[in-house]
Amino acid sequence: MNPRSCVNIHKEWDIVGARQLGREMAKEIGFGTVDQARIATAVSELARNIYLYAKNGQVCFEYIYTNSQKGILMTAVDTGPGIKDISRVMQDGYTTSGGLGAGLPGVKRLMDEFDIESAAGEGTKIKAIKWIR
Amino acid sequence: MNPRSCVNIHKEWDIVGARQLGREMAKEIGFGTVDQARIATAVSELARNIYLYAKNGQVCFEYIYTNSQKGILMTAVDTGPGIKDISRVMQDGYTTSGGLGAGLPGVKRLMDEFDIESAAGEGTKIKAIKWIR
Amino acid sequence: MEETIRKNTVKYQKLLQKYIETQDEKSLYDLELISKAFIKKNILPEELINLHIQAMERIYPQLLEEYKLSMEFLLEATVFYGLALQEVDYLRQEKDVLTSEISVAANMQKTLLGTQRPEVSGLDIGAISVPAHQMNGDYHHFTKGSNGTIGIAIADVVGKGIPAALCMSMIKYAMDSYPEATMSPNKVLENLNRVVERNIDPSMFITMCYAHYLPAESKLRLSSAGHEPGYIFRAETEEFEEVRAKGIVLGVMPDATYREYELAIQKDDLIIFLTDGVSECRDGDRFIETEELLEVIRKYIDLPAQELVENVYQYFEKLQDFQLRDDFTLIVLRKEV
Amino acid sequence: MEETIRKNTVKYQKLLQKYIETQDEKSLYDLELISKAFIKKNILPEELINLHIQAMERIYPQLLEEYKLSMEFLLEATVFYGLALQEVDYLRQEKDVLTSEISVAANMQKTLLGTQRPEVSGLDIGAISVPAHQMNGDYHHFTKGSNGTIGIAIADVVGKGIPAALCMSMIKYAMDSYPEATMSPNKVLENLNRVVERNIDPSMFITMCYAHYLPAESKLRLSSAGHEPGYIFRAETEEFEEVRAKGIVLGVMPDATYREYELAIQKDDLIIFLTDGVSECRDGDRFIETEELLEVIRKYIDLPAQELVENVYQYFEKLQDFQLRDDFTLIVLRKEV
Amino acid sequence: MNLSVNVQEDSNVKVLEVSGEIDAYTAPELKETLMPLMRESGNEIEVDLENVQYMDSTGLGVFVSALKASKESGSHYTLKNVQDRVFRIFEITGLSEIIEIKAAIRGGNE
């Protein structure tokens, strides 16, 4: 069985909750200190996006396994305004955080796999995976 | 009186000697840890340039004082091939160190004032000042 | 910067102390916010380490000498990280300057190459030209002669981007000096070829198709300088007919000559011109086949000409994940009467 | 990357231990070399901190728990520094793509605008044109008519860089279509003005001076479209004479007309044409004065024409700290007989 | 070098007080303020260049496009207090013939 744990994001404090859950699950399955910190940072970015732009949403974590690897999958879902121009927000240098290399391109860098689906008016769904090295 | 101390640069080991002298003089006059490290790094870059491209040269240090400030002045002189296109080597991104942000633009950043004179075939003279904050 | 550091030293120290005592996630979240602010204010990694050292010295005044030394060592190791980081600002500025310069040039090019679809009763014309980058290396142009002849030019410079765009303007200015409507298509190409050959870089060339549509006679006369073949959709059979015209590209042979082809056009026939940015669209690593392109055109064939070309463009834009690999130009003319 | 870290962990640990024991500069120098290698291999700051933690744990197995926690905290603080650093790579790549595209275009432009100084016995011609950025928004061109007339064109588009360069090619192609040698200077400008006015962006214009030198009659005929005044150095008096010709810039008034001026040239006189990139050089925040420019020219006045212009250029290049603010074009003609 | 543009409304006349250097980097700022006013119909605008010591051809370009826009909108502008170095380039380019520069209060040129 592969339990899935989620944190609802409504207020800023929930970002901390999501980070904590993500970090604990990452530690549990065997990620090192550096990767724990990176996963927590990625969670922050996703949760903060929900908090700032969609107001309501959820960040979920689950373990994933392949024949040769194990890792953590995080899913951030919201029913906010959605992203009109995905290629633009995924552009490096274009970040809501004013060019810190963060934002969604930052999440993509911190994690190993990244996928985004969004429709204007319908919300956004982001999946990101980090594998244990 | 303002004594001037110099280190001749012939071999790689001399780079270490120049760093040491620069750091000691910087510490002596009251620079903090961060600035000591930056000054040492700037010395490294200048001394290494001499060692790699001019073979022979000298790095000198002296204290300088104005009414309101005191600081350290370093002078790197060589009689090497000189720099043909100064504007090009002073360009960011163009560095002999392969884009680490170092090279001469790096020295300029690490120090507060920077001046370069060079003539092809006659060698190069670089002056750089760091003021105590 | 000094000010920010001083203000944040206390905050950092408190957070650090709290974290050492409780290891709570909240302190780490607050730390994230501080560290972001640091980067925004250009506080370099070595300064962060120094701030950490100072905080530790206050929290643990009896800290081991070895610890302090180890931190000085670490600080030293981060100086180059700081230097590398400072390049971000510089690079971003440089890139912005170039990008804005290019966008000004792209706008100029738009003004310069702007062409109006001529209003001709009984002829429905649609045209779209979208550059892969900011500047267009495809060219198209319409003219309407006093005798009613419609001139249609479509061209593609080798490559794309700024060099292609620069080259493109050559065609524009050279064409400006010709009495197009009265000069036969092959003569237009022969003249252009001489200009291009004289002025173009040896590694470049231009493909071009020039056509006259004669409404009174319902005839299309065209010549091609190595350009992508066009098509005629025959209303009667509902089949596409390839319009292949022989001729060498512009800019290679100083004295090239071109043949003129003549085709009869029937009511409701559709004349199609395009550049290889249309015919060589890619779906992932796969190139689309001609049949596929024609099927897409067929799909929208009943639409007014301008809607037709726009729909075809949108189809391929999406197929290619919104990233054009080459300039895309598509022109259609429908004989309505 | 893993591999580099592993290899360097041992080295880092040894250096750290040595430094803690002896505090020698040599370890710090070696550390510098390692840290440079780390950055080159994209080892991020948080990984460096982690490597430091591991080294310390090995050197001091009984290290305080507080120390370890403080280092974890520091590691966390550096994650954003790592992200910002990664942007450097990305930005550098983007910039390189643009720069190389522009440099291809700049080379094309050089081929395109290339002009030969005509060989005329008794006339020594020197010309230099250096763009401030990669592409040139200044234009100059020489022609030699069958009647011996030397045509000299010098022009400057508003602004510099790519947009100016794109615009510049308009002059080139339009000029190509004129029988320059037999058309009077004012007619050349009037014709060009119509082309420019039709095609140029409303916020742009071009200044231009067009001249004919008639060796047989020792006369200079010229017209100016708002261009920077030229000079004649009179050998007899050793004084500079300003050549101010009235006329509005190209591209503003559709039906502008230009006056033709005629000057007699004596043996050893020097005719000087320039763009405002020469006359508006800056020394720091100070603009040079006309007298200063003329003094510099005077300094090199005995040199052959080409050496003269090159020396003047080098003088101002150095004065401006090797950073041209505008395209720089200087032409001189010396009547030797 | 920065450029600042202040708009003063002074009994039917809008006065643009410009100060700083007008070059390729700052000209867009002037353009953003001046052009919308020029495109509106019936505006009377004075551009005060007393505090502009330097202007390059990009700056002239702004005034050229303002002139072209004014022909369509029927708005009108004049320049005043133009400094010597700046006036020189209006003169050289022949633009002083088609752009109204208020001679009476032109600082230092008369």
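Details
The letters A, B, C, D and E name the chains in turn, as written, and every chain counts its residues from 1.
As a convention for this text, contacts are C-beta pairs under 8 Å (C-beta built on N, C-alpha and C of every residue); 3 or more make two chains touch, one makes a residue touch a chain.
Chains and their UniProt names: A, B = Serine/threonine-protein kinase RsbT; C, D = Phosphoserine phosphatase RsbU; E = Anti-sigma factor antagonist.
Since we're looking at a predicted model, the values are computed, not measured.
Relative to chain C, the most remote chain by averaged C-alpha coordinates is B. Relative to chain D, the chain whose mean Cα position lies farthest away is A.
In whole angstrom, the spacing between the mean C-alpha positions of chain B and chain D is 29.
Centroids built from CA atoms put chain D at 46 Å from chain A.
Note on chain placement: the centre of chain B and the centre of chain E (Anti-sigma factor antagonist) lie 48 Å apart, centres being C-alpha means. Our note on geometry: chain C versus chain E (Anti-sigma factor antagonist), Cα centroid distance of 36 Å, whole angstroms. Those residues of chain E (Anti-sigma factor antagonist) in touch with two or more other chains do not exist in this structure.
Shown for chain B are the residues in touch with two or more other chains, namely 40-41, 93, 99-102.
Touching of two or more other chains is recorded for residues 28, 32, 36, 39, 76, 79-80, 84-85, 87-88, 91-92, 94-95, 204 of chain D. Applying the touch definition to all chain combinations yields A-C, A-D, B-C, B-D, C-D, D-E. The part of chain B that touches chain C in the complex is made up of residues 32-34, 37-38, 40-41, 92-93, 99-102, 106, 109-110, 133.
Listed in rising order, the residues of chain D touching chain E (Anti-sigma factor antagonist) in the complex are 156, 158-160, 202-205, 207, 225-229, 244, 246-249, 252-253, 276, 280, 287, 326.
In the complex of the two chains, the chain C residues touching chain D come out as 15-16, 19-20, 23, 27-28, 31-32, 34-36, 39, 45, 48-49, 52, 56, 60, 66-67, 69-70, 73-74, 76-81, 84-85, 87-88, 91-92, 94-95, 98-99, 101-102, 104-105, 107-109, 111-112, 161-163, 165-167, 169-170, 173-174, 176-177, 195, 199, 201, 204. The touching residues of chain D, when paired with chain A in their complex, are 2, 46-47, 50, 53, 72, 75-76, 79-80, 83-87, 90-91, 94.
On chain D, the positions that touch chain B within their shared complex are 25-26, 28-29, 32, 36, 39-40, 88, 92, 95, 321-323.
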